[in-house]
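Below are two complexes that have subunit A in common, paired first with subunit B and then with subunit C.
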Partner chain A sequence: MEKEYTTVVVDAMGGDNAPDAMIQGAVDAITKNAAVQVILVGREEVIAPKLEAYTFDKARIRIVNASEEISCDEPPVQAIRRKKDSSIVVGQKLVANGEADAFLSAGSTGAVLVGGQLVVGRIRGIDRTPIATLIPTDNGVSLLIDSGANVDARASHLVQFARMGSIYMEHVIGVKNPRVAIVNVGLEEEKGNALVKETYPMLKACADINFTGSIEAREIPHHGADVIVCEGFTGNVILKLYEGTANALVGMIKGGLMSSFRSKIGALLIKPALKKTLKSMDASEYGGAPLLGLKGLVIKTHGSAKAKEVCNSILQVPVFKEQEIVNKIKESLVPEAPERKEE
Partner chain B sequence: MEFEKIQTIIADVLSIHNPEEITMDKSFKDDLGADSLDSVEIVMRLEEAFDIEIPDDAVENIETVGDVVEAIQKVKG
Partner chain C sequence: MEKEYTTVVVDAMGGDNAPDAMIQGAVDAITKNAAVQVILVGREEVIAPKLEAYTFDKARIRIVNASEEISCDEPPVQAIRRKKDSSIVVGQKLVANGEADAFLSAGSTGAVLVGGQLVVGRIRGIDRTPIATLIPTDNGVSLLIDSGANVDARASHLVQFARMGSIYMEHVIGVKNPRVAIVNVGLEEEKGNALVKETYPMLKACADINFTGSIEAREIPHHGADVIVCEGFTGNVILKLYEGTANALVGMIKGGLMSSFRSKIGALLIKPALKKTLKSMDASEYGGAPLLGLKGLVIKTHGSAKAKEVCNSILQVPVFKEQEIVNKIKESLVPEAPERKEE
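Moving on, here comes the complex of A and B:
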């Protein structure tokens, strides 16, 4: 019976707007998709009375109690080892045990990442698990990989990121033969820092990806590549600058439109078109970002995620499940590696 | 202490076909190909299996299989 549903575990305690945004996002998601069910993991005495306030199909949301929480300032490895009854560990165990299809959290990125690797487990042969974030461009979306999980990485890690990103864009987003590029400070092969110079020829030699060379940051918003490869430090800088610039620009446009009577009339006329355009640039429309290379699905959303982003993140999971993204990565990256025994 | 149980867990985490290859003198990093996260995963699995908690400073000093055995013995008394 349960197998008919896609089950998503939501960390009800993680994020700036927890647990309210997580509860509302869960209710909205099961209302929008009848084939989805949610497990809210966290302190039952806090979640239960808030959940009571909603009207929903009670068979499709349940609470699993977890008495501890991991805060963003705790060292992740220690927190995962010591806080066995935290919402992150309890929730990820449900995925590791096969009781759920995915774990979603807006909590500590470090703890979600370390927990993903230690509790859910890496696919054998995967050295590092990157965060793969979809970013809007002027002509569709691109995948920024790694957008912050590994601030240091080796060339071999970037090659794995490129392969995983390519598989993701092809199978989840439906881009045929996705263009893969490495973030650089120029287009010529000899440009870049030591890491990029070492990685470039390795990517060029990969027959299984469509490597198009370097990409400069200014070309990212113009859809210069489908898969944008970099280590997590650069990726996070790009992501945050992207978000900050977009917010500042929107604020400036709004300010300009409201500056005079004439501009207000103009604003009224362009409002529908502007709203549509801005919606395509709204990160919350795209939900969370998966950690690729794990044996199960782990999705990280913004710490500041509101109900809409939580809902959209939950609604991504049936696509991941249907496309068997974990298996596709496993098959294409490590065909020769033996799988660990299931307990 | 059941060394076989330790061997089985290490073999499982590191996908080593023959657990008997895992002897006391083997280095996790140099001989068994484990990275830092593999080592933490092994420690966590052992803690669960033996129902113990290995202190953080002991975990930091683990380099060989023998170090793990010693750490478990110390905790178990």
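Moving on, here comes the complex of A and C:
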């Protein structure tokens, strides 16, 4: 019976490594979890012959044809409106219609976001849909929300981000009573730009959020909070700088190790330990980032995602489904609705 | 003759390691550069006995007494207005009066900033004074401007930051025709929040700036630009995350190296090479960060600055003085003044 499965639609055409990484990731995911099935959406004539090369349970991967593609250069709103037969629109419709549990794409972030709003739709009462990205720290993972969807958010939006992020961390990642903090330039309550100063007391007043105050950026890699709240501009800067700094430093260390015979020998000896450490800072271990606040699940993975990341992103979905994150977000909005007196 | 010297006022009372690091840094600086003299400003009864313990050219360090101190918790505007005999106010007055070439402090950033505006004063035509911080990259240094002074800047302010940063990089650091970029979430011109979208075409139109467009945060550690322009909120996040990520990663690598006997031996062999690499990423090598746009030189060093950073910050001042940065900034404003017709 189809109902027993978790069905994930994978955009086979989006991302630098499409369609091969998507096909491989889909095959790996259904092999690892027998309760998962995948719909690959995209140009059937391209996908089908490649898929045939794999050995897998044919009943659990099917192709839905979509003749168009949306590139990262296209203005997203126009692309979603015009390209009705694109893999992003066709794929998201399958979620909107209830034929699938989630849509996953490594394609244009803008188009996935706009499609989320227009095709899947926002939960009533949610004003903006942030990208919630897990980032590695030296002591576990934190959730960065918003990591890039809303570059000009308002205070009321940040409060919704904080609430949705808190629900996500508690129910999907399993962090009890997650510590929620707002990104700021200092710890004192009077610190911050206009947006943060307005948001701070609003977060403080939320009884359903374990708000711990401001977090300075230097504490983010030290797991200073479980949920890190900011607008999408700052969030995007944090996400990309995190990645860039780690890359640059590792490159410099490796370069430095090749500078003398002595250090070259040392480098050979430390290689396995270094590799293990760097793996724990590798974001691809955590799969994709969901767009929270939509009526269905939409997950964005890195444009450069490889099969491993695609597979891990697919394997997140059963947890999302089981925990009914969309419903939990809907329920969390009740306290903000007009008060009703119980008789 | 006093006129031959570069005179630096050092706030002996500001910072975590005051007054010892400031006294030591001053002694080291005048020993390294015979054309430098230092005025230590602060509580004479505390400074004098400590200073006496050193051997140095007594003619080139003197103490100016200031009976009050401003702590980092005090609201800056109030503190500067009320504490007329604080080390920050007394020290900055020496610069305002022309008795010294620069004021250096590791104390309250807010108070140093406000003092800069109220005691030293802005150059006419400059609307905001950004902090310009040099940050290490894997291929040289970049200037981050504003790294924290103006958390709610406007587009016209960012253009002034870009211009002042460009002058600084060219004349103090010696980078010819420095590449100036604005921090953004993507490279395309239509990307960005409202502030960046407004600023971008203004920067593009500046004939005196080598504007190379947007820079994504992941390219900052790879020396993607010489001058990195942003408002102070984003700049502060960048500066602190840079520091935090490097710290966390180094800690994790060191921890990883202690995990097996093999890697412990390797760690011993790579220690010198690793140390050298990490030193190149150590911001304290670059001394303090100037507040640009003031009528005199005001330099802020890290609150945790040690003698080395204090010394390096003092040794920057002769270059500033020689290059007449304040005058060059004044001159750069001429193109924006009302046009005058030559007869």
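In this text, the second predicted complex is superposed on the first by the 333 of 343 C-alpha atoms of A that agree within 3 Å, B and C clash if a C-alpha of one lies under 4 Å from a C-alpha of the other, contacts with A are read in each partner's own complex, and residues count from 1 in each chain.
Basically, a contact is a pair of C-beta atoms (placed from the backbone, for glycine too) under 8 Å apart; a residue touches a chain by one contact, two chains touch by 3 or more.
Worth saying up front: this structure is predicted, and the values here are computed from it rather than measured.
Colleague: Which of the two partners, first being subunit B and second being subunit C, lies in contact with A:32: first, second, both, or neither?
Modeller: Once the two structures are laid over each other on A, A:32 reaches no partner at all.
Colleague: Subunit A residues in contact: does subunit B have more, or subunit C?
Modeller: Ranking subunit B and subunit C by residues of subunit A touched puts C first.
Colleague: Which of the two partners, first being subunit B and second being subunit C, lies in contact with A:257: first, second, both, or neither?
Modeller: The second partner, subunit C, only.
Colleague: For A:269, is the partner it touches subunit B (first), subunit C (second), both, or none of the two (neither)?
Modeller: second
Colleague: Report for A:77: first if it touches subunit B alone, second if subunit C alone, otherwise both or neither.
Modeller: In the superposition, A:77 contacts subunit B only.
Colleague: Regarding the shared-chain residue A:204, is it in contact with subunit B (first), subunit C (second), both, or neither?
Modeller: neither
Colleague: Per the contact definition in the header, classify A:121: touching subunit B only (first), subunit C only (second), both, or neither.
Modeller: In the superposed model, A:121 contacts subunit B only, not subunit C.
Colleague: For subunit A, which residues lie in the overlap of the subunit B contacts and the subunit C contacts?
Modeller: none
Colleague: Mind pulling up the subunit C residues that touch subunit A in the complex?
Modeller: Those residues of subunit C that touch subunit A are 73, 75, 137-138, 148, 151-152, 183, 185, 188, 190, 192-194, 196, 216-222, 231-234, 236-253, 255-257, 259-260, 262-263, 265-274, 276-277, 280-281.
Colleague: Using the touch definition up top, name the residues of subunit A that touch subunit B in the complex.
Modeller: Those residues of subunit A that touch subunit B are 77-78, 80-81, 114, 117-118, 121-122, 124, 127, 337-341.
Colleague: Touching residues of subunit B toward subunit A in the complex: what are they?
Modeller: Residues 12-13, 15, 17, 35, 37, 40-41, 43-44, 47, 56.
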